[in-house]
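Right, I'll just put the structure down here and ask away after.
A, B, C and D are the chain letters, set down in written order, and residue numbers restart from 1 in every chain.
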Amino acid sequence: MRREVPLIITGIVGITLIISYFIPHTPFNLLQDLFTDWYQIVAAFAIILGILNLLRISLDKVYKKKKGWFFGLVVVLSFFFIVIPGFFFSGGRGFQNPGTPFFWIYFYIYIPLMSTMFALLAFFVASASYRAFRARNKEATMLLLAAFFVMLGRVPIGYYLSSWLPESYQLATVADWIMNFPQTAGQRAIMIGIALGIVSSSLRVILGLERAYIGGE
Amino acid sequence: MKKIKSILFSFFLLLFLFNLSFPQESSDPRPPTEIKAFDTPNDNGHAITVIWKLSADDGKVKNNVVAYEILRSDSPEGEFEIRGMVPVGENLFEDKGAKEKKDKNYFPSHKNFYYKVRAKADKTFSESEVSKPAFAYGQWYHTGKTTVLAGVIVFSVFALAFINLAKKGKELYIRPLAGIEAVDEAIGRATEMGKPILYILGLGSAEMIATIASFTILSRVAKKTAEYQTPILVPCYDAVVMAVAQETVRAAYLEAGRPDFYKEENIFFVTSMQFAYVAGVNGIMLREKPATNFYLGKFYAESLILAETGSVAGSIQISGTDEIAQIPFFIAATDYTLIGEELYAASAYLGKEPVLLGTLKAQDWGKAVVIISLILGALAASFGFQFFLNLFRVQL
Amino acid sequence: MSTSIGVWIAAFLTLGIMSFLYKDNPIYKFCEAVFVGVSAGYWFVVEFFNVFLPKVYDNVGIAVNVLLVQGRVDWFHWSYLLGGILGVLMLLRLVPKIGWISRWPLAVVVGTTAGLWLINYLVSNAMRQIQSTIIPLYVAGDLNATIGSIILVVGTFCGLIYFFFSKEHKGAFGGAAKIGIWFIMITFGASFGYTVMSRMSLLIARMDFLVGTWLGLIR
Amino acid sequence: MKFFDRLLAIDRRIIFLFVIIAVTLPLFSKATLHIEVSPMVKAVYDAVDNLPPGSKVLVSFDYDPASAPELQPMALSFFRHCFSKDLKVVIIGLWPQGPVQANIALEDVFRDPEIKAKNLKYGVDYVNLGYMAGNEVVIQSMGSNIHTTFPADYTGNRTSELPLMKGIKNFDNIDFIYNLSAGYPGTMEWVQFAVDRFQAKLGAGNTAVQAPGMYPYIPEQLVGVLGGMKGGAEYEIIAKRPARAVSYMLSQGVSHAVIIFFIIIGNLAFFVTRGKKKTS
């Protein structure tokens, strides 16, 4: 029950979806729609599962007065701070319309927090380039050189640095060329390799040979 | 003179009036011909394709056709209703309807329909003859996808054959990978220094291929650390991944004959918030100063922060991911990097499991097919043969 | 300087997160906790209104309605109830004793992705890529295009050789793999340059908010 | 050589300070810069520009506020382009925040007097179907029926009752798809499903992080891709409506120069000190 049923479900769903690609006829098209609809619903619940888990861990911290319990409390309170207006005071299904309290929280709290969080990466890129990015071998040197051309070629500074050169040697043209030819070739090789890797692991999953995702007993 | 003037005047006036009335006097455009209706191929029914020969006035200045209207009826003499319109110059229309009976636009399969095409000029139009009857039906097989079917079958046969071979005990060669060769040395170094090893499985969930590959490598690394009695720390981002990791490490310690050495608290959950997780792991790196860091699995924006901290702390770092945008940071800041598919290969190389080895071999054979077709195809295309290109064309 | 309370709150939160650059501190921790809570709450509300209501509640409502009014079983709409049940089973992971039931819905998810991915990656990322790489190496009268095509074909070819695991990288084969790794490194270099570009853009917009929208120093 | 040792051990906060200055100072400059439009961006622009009025365009907003600085300008200039050409716009999102970002962009675009004069009506000229969970599977199911995939729009109106949606059943009725994407699910998934399964025509705007990965799809599977804020700036230039992205380009350039400077100095110091250690 615990291991066999999931393997059987996976196999049936997977094979049905493959068949429906080749055979667009009923019943396969209907089964495909059915499974994809279920997938969407389960995907939503999986996200809710993650949220409930987060709340449980945070509340646990607060109850047991673990280290950082105060911030656990802040997590729970901010959760309700957006959920309560979202459910009850933002006009039901139109909750995301500009002008609702939910939208206000989104605009003035969620956006600044999230975008600043990611803006910090700019600083970390700078510090990593200074402290850790070394031309330690030929490959890394090549990488840094290509990065150099692309970084300069993509911004107006590149234009002012190289505008005295004939057009086909200007940094912008060189960057375009790198992107369109060697970059695309390398990208394609990696892409094909990974694609075959995904095809083979999907095959393992459908045939029931890959069981790691089921986890232990 | 006056007379001549007036004659001329009336002449021009007439000409002018004639000219004014000229456009209104236009005749109908010539009708489209050779109209044919047939079931739309490679679908589930509920659609008929109509083709015709353009009106002779299509694209002419005079009587210019502006559009074609497609009409349908269930009997040749019956009332025709408009089903659609296509712009001038087009000679194909797919009359598609809904498959649900209650839908307004329901299109029954297996029912005869008759079509005609109307060439529309500015104000007038003309109609073609009525087509022979046609009915829609569903196909059981999509003929345009034969290439894909061949691909799926060939790959599956490769995979099953090689898995079978591996199970029978045939040695399947896989070339050594630099990052993996360094594993033993890295563990040895940790033992000498008396410092722990840090193993990070990435941010992926348990069913992702990169994470699965990482579990296999973790199992080998853990076995080695059990033999050397070096502690291994595995901070996790995902609860399920943590559970699987604990099992993997416990099994590895058991296999190495040192179950007494296994410490469950060393494989622990940090948090599932990206940056909070990074902060946690960075703390561990700075406190414990691990001798070796492994970053294997799915990584996103956090890759460079981890790699930088580890590099500044002076650890040997071995990394690998299939997330292409993160690999550059790993290459620039860590000692060994497994690029994309190499990560999958490393797990097969270390795991020596027939299933993994077999499918990796199938991937290689797949690549061989790709490489050969590339060479032959590019040469053929250079000399103007299209044959090869058509082999890979997938009709949709 | 802005007079909107919202902008001031946003500025406080922005600076709170940025204070991490100086040192990890309680204000940063507070802002981070708010972020975690608010984004969890955000997802929760969205999943409820945008997925659960229209997909499960509405469709099952139609099914019930058909049953009550017309007295017939509408299988199509009832199937969504089964989807909803599968979803609820997913939540059972929170109950350790019967957590294993959550593997059933997980199996639907894994099976769906495996079935779709097998075809998709084979078609879009392998077969159609081969198709796009099969190009004439020589373009008459256009030297640039000729060099470009050759680089595209040779680069893809050598890159694939690098990822070939059944043969050791020696001799001519090793040479091709070596060229392959160069192409791959150029790819990573480009990708690195683009990533830098991306991260910097994010910071620029944030600084513009602080200096422009909040303090009103620009314009 | 002590200098280089010290240089290597420099406090990170000094580096951070450099970055802040490099990014902020140029914001005060009003200089107009030369921005070249790359062929890639032109391809996307032309694809939209060549659509006849009344064509139906599907825009998928697959990003969140974290990437908004890069993608929001693209959304703005795309909407402006569509509305000025009288195209009908259908908005969806595979990321929950996407449709909200779309609403924010719409609000901005409607402030433009030229667009305002057109008196566009919700439900007739544009609709926002909101977010649906399920990642790429959503695209797959839109291929058979958009009405069952999105039973209601983002405010809860039945999709089948919106006038614009009456003529749109699946990708067959969509003339062009534009995808603004910051990761997974995103452009790769749109290529795999909408293009390679349902023959749709696709253009994309991506964060710079993932734009290079889309090049192998061009031009067969993807018309073109706008890469990052620079791509957005190019679109603004070619549409002759320079706006936010263009005004940030000086900061962008200076920050790149600073990064290159850091890499060079860091490597110099590293190799000088390492050389010293080897000889001693």
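Following the convention adopted for this analysis, a contact is a pair of C-beta atoms (placed from the backbone, for glycine too) under 8 Å apart; a residue touches a chain by one contact, two chains touch by 3 or more.
Quick caveat: nothing in here was measured; it's all calculated off a predicted structure.
K.L.:
Which chains contact both chain A and chain D?
P.N.:
Touches both chain A and chain D: B, C.
K.L.:
Ranked by contacting C-beta pairs, which pair of chains comes out on top?
P.N.:
The chain pair sharing the largest number of C-beta contacts is A-C.
K.L.:
Take the average of all CA coordinates in chain C, do the same for chain D, and state the distance between these two points in whole angstrom.
P.N.:
Computed value for the inter-centroid distance: 14 Å.
K.L.:
Any idea how many Å lie between the Cα centroids of chain A and chain B?
P.N.:
Each chain reduced to its C-alpha mean, chain A and chain B end up 16 Å apart.
K.L.:
Measuring centre to centre with CA averages, how many angstrom lie between chain B and chain D?
P.N.:
Inter-chain centre distance comes to 20 Å.
K.L.:
Using mean C-alpha positions as chain centres, tell me how far chain A is from chain C in Å, no decimals.
P.N.:
Once rounded, the distance between the two centres reads 3 Å.
K.L.:
Hunt down the residues of chain C that sit against at least two other chains at once, touch-wise.
P.N.:
Within chain C, the residues that touch at least two other chains are 21, 32, 36, 42-43, 46-47, 49, 51, 53, 55, 106, 109-110, 112-113, 116, 118-119, 121-126, 128-133, 153, 156, 160, 163, 184-185, 187-192, 194-197, 200, 202-203, 205-206.
K.L.:
Which chain D residues touch at least two other chains?
P.N.:
Where chain D meets two or more other chains at a single residue, that happens at 16, 19, 23, 66-69, 97, 130, 132-133, 137, 140, 152, 154, 156, 196-197, 209, 212-213, 216, 227, 230, 252, 255-256, 259.
K.L.:
Could you list the positions in chain B whose residues touch two or more of the other chains?
P.N.:
148, 152, 155, 207, 275, 324-325, 328-329, 331-332, 339-341, 360, 366-367, 370, 394, in rising order.
K.L.:
If each chain is a node and each touching pair an edge, is that a line, ring, star, complete or other?
P.N.:
Contact map by chain: complete.
K.L.:
Where on chain D is chain C touching in the complex?
P.N.:
Per the touch definition, chain D meets chain C at residues 13, 16, 19-20, 23-24, 27-28, 66-70, 96-97, 130-133, 136-137, 140, 150-152, 154, 156, 188, 191-193, 195-197, 207-209, 211-213, 216-217, 220-221, 227-230, 248, 251-252, 255-256, 259.
K.L.:
Once bound in the complex, which stretches of chain C touch chain A?
P.N.:
Residue list for chain C touching chain A: 6-7, 9-11, 13-14, 17-18, 20-21, 29-49, 51-53, 55-56, 79-80, 82-84, 86-88, 90-91, 93-94, 100, 102-119, 121-122, 124-126, 129-130, 132-133, 144, 147-148, 151-156, 158-160, 162-163, 180-197, 199-200, 202-203, 205-206, 209.
K.L.:
Could you list, by residue number, the parts of chain A that touch chain B in their complex?
P.N.:
That would be residues 18, 21-26, 29, 50, 53-54, 57, 117-118, 120-121, 124-125, 127-128, 131-134, 139-140, 143-144, 147, 187, 190, 192-194, 196-201, 203-204, 209-210, 212-213, 215-216 of chain A.
K.L.:
Within their complex, state which residues of chain D touch chain B.
P.N.:
169, 172, 183, 196-199, 209-210, 212-213
K.L.:
Which chain B residues qualify as touching chain C in the complex?
P.N.:
147-148, 151-152, 155, 172-176, 207, 273, 275-276, 279, 324-325, 327-329, 331-332, 339-342, 345, 349, 360-361, 364, 366-368, 370-371, 373-375, 377-382, 384, 388-389, 392-394
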